[in-house]
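Next up: some structures, all given as structure tokens.
In what follows, chain A forms one complex with chain B and a second complex with chain C.
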Partner chain A sequence: MSFLMQHLPMFLIAIPLLMAPATIISKSYPGFQKALDIIVSIGLLALSGLLIYTVWNDGIIVYEVGEFGKYGIVLVADLLSSSMVVLSCLIGCMGLIYSYNYIESKSLNLTYHSLYNLMLAGINGIFLTGDIFNLFVFFEIMLLSSGALIVANETSKVTKISDKMEATMKYIVLNMLGSNAMLIAVTSLYASVGSLNMADIALKVRILAEAGTMPWHMYAIGLLFIIVFAGKAAVFPLHYWLPDVHPTAPSPISAMLSGVIIKIGAYGILRILFVIFSPLKGVYGPIILLLALITIGLGATAAIGQNDVKRLLAYSSVSQIGYVFLGFGMGAIALEAGEIAGGTLIVAASFVYMVNHAIAKSMLFLTSGGIIHHAETRDMRKMGGMINSNPLMAFSFLVGAMSIGGVPPMGGFIGKFSLFDAGLRSAFYLPIAIALLFAVFTLFYMFRGWMLMFWGERDPQYGEYSHHKLSILIVGPIMILAALVFVLGLFGNPVLEIAQTIAIQITDPQPYIDAVLVRVIR
Partner chain B sequence: MTTVITKTIAKICLMVDMLYSIDLLLIGGNRPGGGFIGGVLAACGIALIYVAYGLDDVKKIWNPDWHTWFGYGLLFASITAWSPLFAGHNYFRSAFDFIPVVVGGIHLGEIELVSSMFFDLGVYFVVVGGLLFITTKVGTDKASEGGK
Partner chain C sequence: MNNTLLALTISLLFGIGTFLIFRRDMMKVIIGFGIISHAINLYIVAGGVFTEGTLVPILEHEQAVEGLNQGLIYNDNLTAGIVGPITTNPYMDFVDPLVQALVLTAIVIGLATTAFILTLAYRINEEYGTVDVGELRRLWG
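Up next is the complex of A and B:
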């Protein structure tokens, strides 16, 4: 047990990294391969639960990779990173179970398992690393493996392979540009402060700010990081790749992309804004606030006109990530103005929003896969009356739509309510008014989609629905996530409590810096 | 591209290329080099043979499953990274030792043995396997489309 506890943060990266080759080698034995992968991903979920339990009770865990001492790479599991890891392991596990009947078996055997594990290793690495160059490396692992997963073949032939190629091209090229910008930012930061350890950088930036000798290019480096993470999270000027990429990917991969991978951008912004460039948050806060408001409006307006179910969900993701960033922007402004309690509350609320959106949206994408299986089209105008032939999908889509729209008793209601409440307490009247207006849009487009698909009758010219019954492997994960949406709405207190503690930890980075540096310098 | 000149030069290049890539693999760690760079160089040399002789002709003589190379390389690298755990150390901890070479009582020098060498070897196979898997896959798809 002590062996397990001693190496706990590392296992969450090293086990998927070991599973990737193991699933390649066992490709001739598909049954064994599937069983192995599923057992390991459930084990990872349990380990991530153990991690958050340990961090909640005993504080920040620091793990030195390679025992290099002062110059080594550290893995830091604070409450924020461990809760993000729980999210990624949960959605990753559900997506994997779902894939078994959704992805074509040849593609599944040959590359899917290994790439999926590499993607999980990359995502967990991004959340757990305490070294900014290491963050870049894990970004690349995640980017390349998820880019290859977008072209995985599905059993249904609704999405053309040429569309998938185009989407992957866009995804890889645009994110490579982002990675390039990130590399420039990381190297400039290293040239300026001479360190790559995030806690060390945070300390040095603060000393520079306190001494009043902050070089001008630090502002530019921070902005470059914000551009990179905003590009990952699809915030306004860099949002245009998402509505092409997320719908063309196979549904379990869309769920991972929309559920976890765009949250990486939000996680990065939290780290950059509140830990590393903490003294400069007053400069970046208004910029993020403005971009977030534009993103909310743009995503919601564009989603109204969509007729493709997955494109609708993708535009909704753009709009919803705007709400998360709105919270970060407001939080940064409030904290800069000295309202510690108010700012902390806003950051906590946007974290709750992020968790609820991740679960509801990944559930909706998995549901859209079930709908596509049933209707054999992605166009909502060619559907209708599915509530009779497929009531289960109608139910889960309704749960997701209510959560995204912010209707009680779903989890999304808690997120929206706490965000707006916290914003109003700190007197952000105009941003909240705009956000509230587009929250109505959200309700409208989600329910428009639901009504188009499930009410009315299907036009006979599009043929009958397939009588192929959805297997338990497809329905099971959807139902588990739908139940979680309910649970988060009805028993929201634990998440709110965790979010409150995360916000306290992240807005005052001193304990993080102490935990890392006191252990590192021996 | 399959002229006599290209073929001959590709063969010569392959030999020089492989030797240099192994050299880069071995000196990595102390000087510029290592598994990744060596692997890229080796993959370039083999890709040159594919270009010069044509994918189908090379496959008749020598057709390894590059995907499996990738798998075993990654497994090897990953196991190397895991192995310090069984000695009570952290993940990725490396060990090294110097072995003096003494022939007939004359001290010739020292050989440095580093455990991260095994990791580099794994990376080498990952890079060779990964790059050539992609190259051959893309090449095959294009060839079959053109043939039809």
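Up next is the complex of A and C:
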């Protein structure tokens, strides 16, 4: 047990990494392979729960890989990292269970399992690492495995393989540009401050700022990082790959992409803006605020005109990630103006928003897979009347739509309410007014989709609905996530409490720096 | 002089790579990415060269032992404003070993992404019968 506790952060990366070859070796025994993978992913979820429990009770865990102190790679599990890991393990586990009846069995046995585990390892690594170059390496692991997963075959032939190729090409090319920019930024940062450890860099940047000797290129490096992470999160000028990639991916992968992978961008912005480049947040705050407002408006307006159910959800993701970034921008401006309490509240609110959106949106994407399975098309105009033939999907889509639209008692209401409340307390009247306007748009496009799909009658020329019943492996994960949306809405206090602590930790990085630099001694 | 030449080479490679990325031919785009990643590799290595006045995180054995005894070399003393390795004697004969480790990692990652994207381009050529990026218009963005 103490061995487990001692190496806890490492296990969360090493286990999925080891599972990748293990699932390839056992590909001749599909039953064993599936059972192994599912047991391990549930175990991983339990481990991530243990991690957040330990971090909540005992404070930040610093794990040295090798014995080089801050010159080597360290894994740092603070409350933000560990809660993001819980999120990725939860959605990853649900997506994996869902995949068994959704992905074509040949593709599933051969490569799907190992790539999925590699992706999980990459995501967990991104959240847990304390070294900025290691962050880049995990980014690449995540990028390549998720790119290969987008082209995985589904059992239903709704999405053509050529569409998937095209979408993957866009995804890979844009993200290669992003990783090149990130490599330039990391190298320039290393050449400027002589360290790759995030806590060390944060300290040195702060010393430079206090001494007034900040070189001008530090501003450019910070901007480069913001471009990279905004590209990952699909914020306005770099949003256009998302509405092609998320709909063409198989539904469990769309759930991972929309639920966790775009949140990586938000996580990166939190680390860059509030920890590493903390003295410069007054410069970057207004930029992020402006881009976030444009993203909200653009995503919501584009989502209204969509007839494809997964494109609707993808544009909704663009709009919703804008709300998360709006919180970061407002938080940075408020903190720079000296309103510590107000800024902390805004950052906490946007974290709550992020968690709620991750769960609700991944649930909606899984539901859309069930809908596509049932209707054998992605076009909402060719559906209708599904409330009679498929009431379960109607229920879960309604839960998700209400959560995204911010209707009580769902989790999304807590997120929207706390974000708007915190923004108004710090007197951001105009941004909140714009956000509120587009929140009404959100409600409109989600319910437009719901009514098109579930109310009315299906035009007879599109044929009968499939009589194939959805298996428990497809319905189970959707219902678990739908229940979680309810729980987050009705008992939102624990999440709010965790978010408050995270915001205090992240807006005042001194405990993080102390934990890494003081405890890590060679 | 050498530094200027190195900077010029890096910027030229960046320029060629960027030019190729804007071509319509998919193969040229991929070659452009390859050139840019090599430009970045050169850039990383160039960051490891020490000139007058910068400090090298390498110490000789005696200095390391002495520093450890004083508790200064590998420990950060935040109250005294000491961060990172401190050496009073910059070594002009060394280059930073860390950047070479970084560049190895970057090369391997570049290999993997290039292999992946080349395979993808081949499959796209099979599906669409063209390598012209302008004709990949089945998704409406």
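As a working rule, the second predicted complex is superposed on the first by the 519 of 522 C-alpha atoms of A that agree within 3 Å, B and C clash if a C-alpha of one lies under 4 Å from a C-alpha of the other, contacts with A are read in each partner's own complex, and residues count from 1 in each chain.
FYI, a residue touches a chain if its C-beta (ideal position, glycine included) is under 8 Å from a C-beta of that chain, and two chains touch if they have at least 3 such contacts.
Just so it is clear, the model here is predicted, and its values are computed rather than measured.
Engineer: Quick one: chain B and chain C on chain A, clash or fit?
Structural biologist: fit
Engineer: Which partner does A:Gly66 contact after superposing on A: first (chain B), second (chain C), both, neither?
Structural biologist: First partner only, chain B.
Engineer: Does the superposition put A:Ile24 against chain B (first), chain C (second), both, or neither?
Structural biologist: A:Ile24 sits against chain B, while chain C stays out of touch.
Engineer: Could you figure out whether chain B or chain C reaches more residues of chain A?
Structural biologist: C
Engineer: Output check: A:Ser114 vs chain B and chain C. Expected answer is one of first, second, both, neither. What do you get?
Structural biologist: A:Ser114: touches chain B, not chain C.
Engineer: Determine, under the contact definition given at the top, whether A:Ala191 touches first (chain B), second (chain C), both, or neither.
Structural biologist: A:Ala191 sits against chain C, while chain B stays out of touch.
Engineer: Just checking: does A:Gly147 make contact with chain B only, chain C only, both, or neither of them? Give me first, second, both or neither.
Structural biologist: The answer is second: A:Gly147 touches chain C but not chain B.
Engineer: Please indicate which partner A:Met10 is in contact with in the superposed arrangement: first for chain B, second for chain C, both, or neither.
Structural biologist: So A:Met10 only meets chain B here.
Engineer: Between the C-alpha centres of chain B and chain C, what angle is opened at the C-alpha centre of chain A, expressed to the nearest 10°?
Structural biologist: After superposition on chain A, the angle is 40 degrees.
Engineer: After the superposition on A, what does A:Met165 contact: first (chain B), second (chain C), both or neither?
Structural biologist: A:Met165 sits against chain C, while chain B stays out of touch.
Engineer: Report the closest approach of chain B and chain C over their C-alpha atoms in the superposed model, as a whole number of Å.
Structural biologist: Between chain B and chain C, the shortest C-alpha distance works out to 5 Å.
Engineer: Hey, what residues of chain A end up touching chain B and chain C alike?
Structural biologist: none
Engineer: Mind pulling up the chain A residues that touch chain B in the complex?
Structural biologist: 3, 7, 10, 14, 17-18, 20-22, 24-25, 63-67, 110-111, 114
Engineer: Report the residues of chain A in contact with chain C in the complex, numbered from low to high.
Structural biologist: It is residues 69-71, 133, 137, 140, 143-144, 147-148, 160-163, 165-170, 172-173, 176-177, 179-180, 183-184, 187-188, 190-191, 194-196, 200, 203-204, 207, 240, 243-244, 248, 514, 517-518, 521-522 of chain A that touch chain C.
Engineer: Which stretch or stretches of chain B touch chain A in the complex?
Structural biologist: Going by the criterion above, the answer is residues 67-68, 70-75, 78-79, 81-82, 85, 89-94.
Engineer: Quick check: in the complex, which residue numbers of chain C touch chain A?
Structural biologist: These residues of chain C touch chain A: 21, 26, 29, 33, 36-37, 40, 43-44, 47, 55, 57, 74-76, 78, 81, 83-84, 98-99, 102, 105-106, 109, 112-113, 116-117, 120-121, 123-124, 127-128, 136, 138-139, 141.
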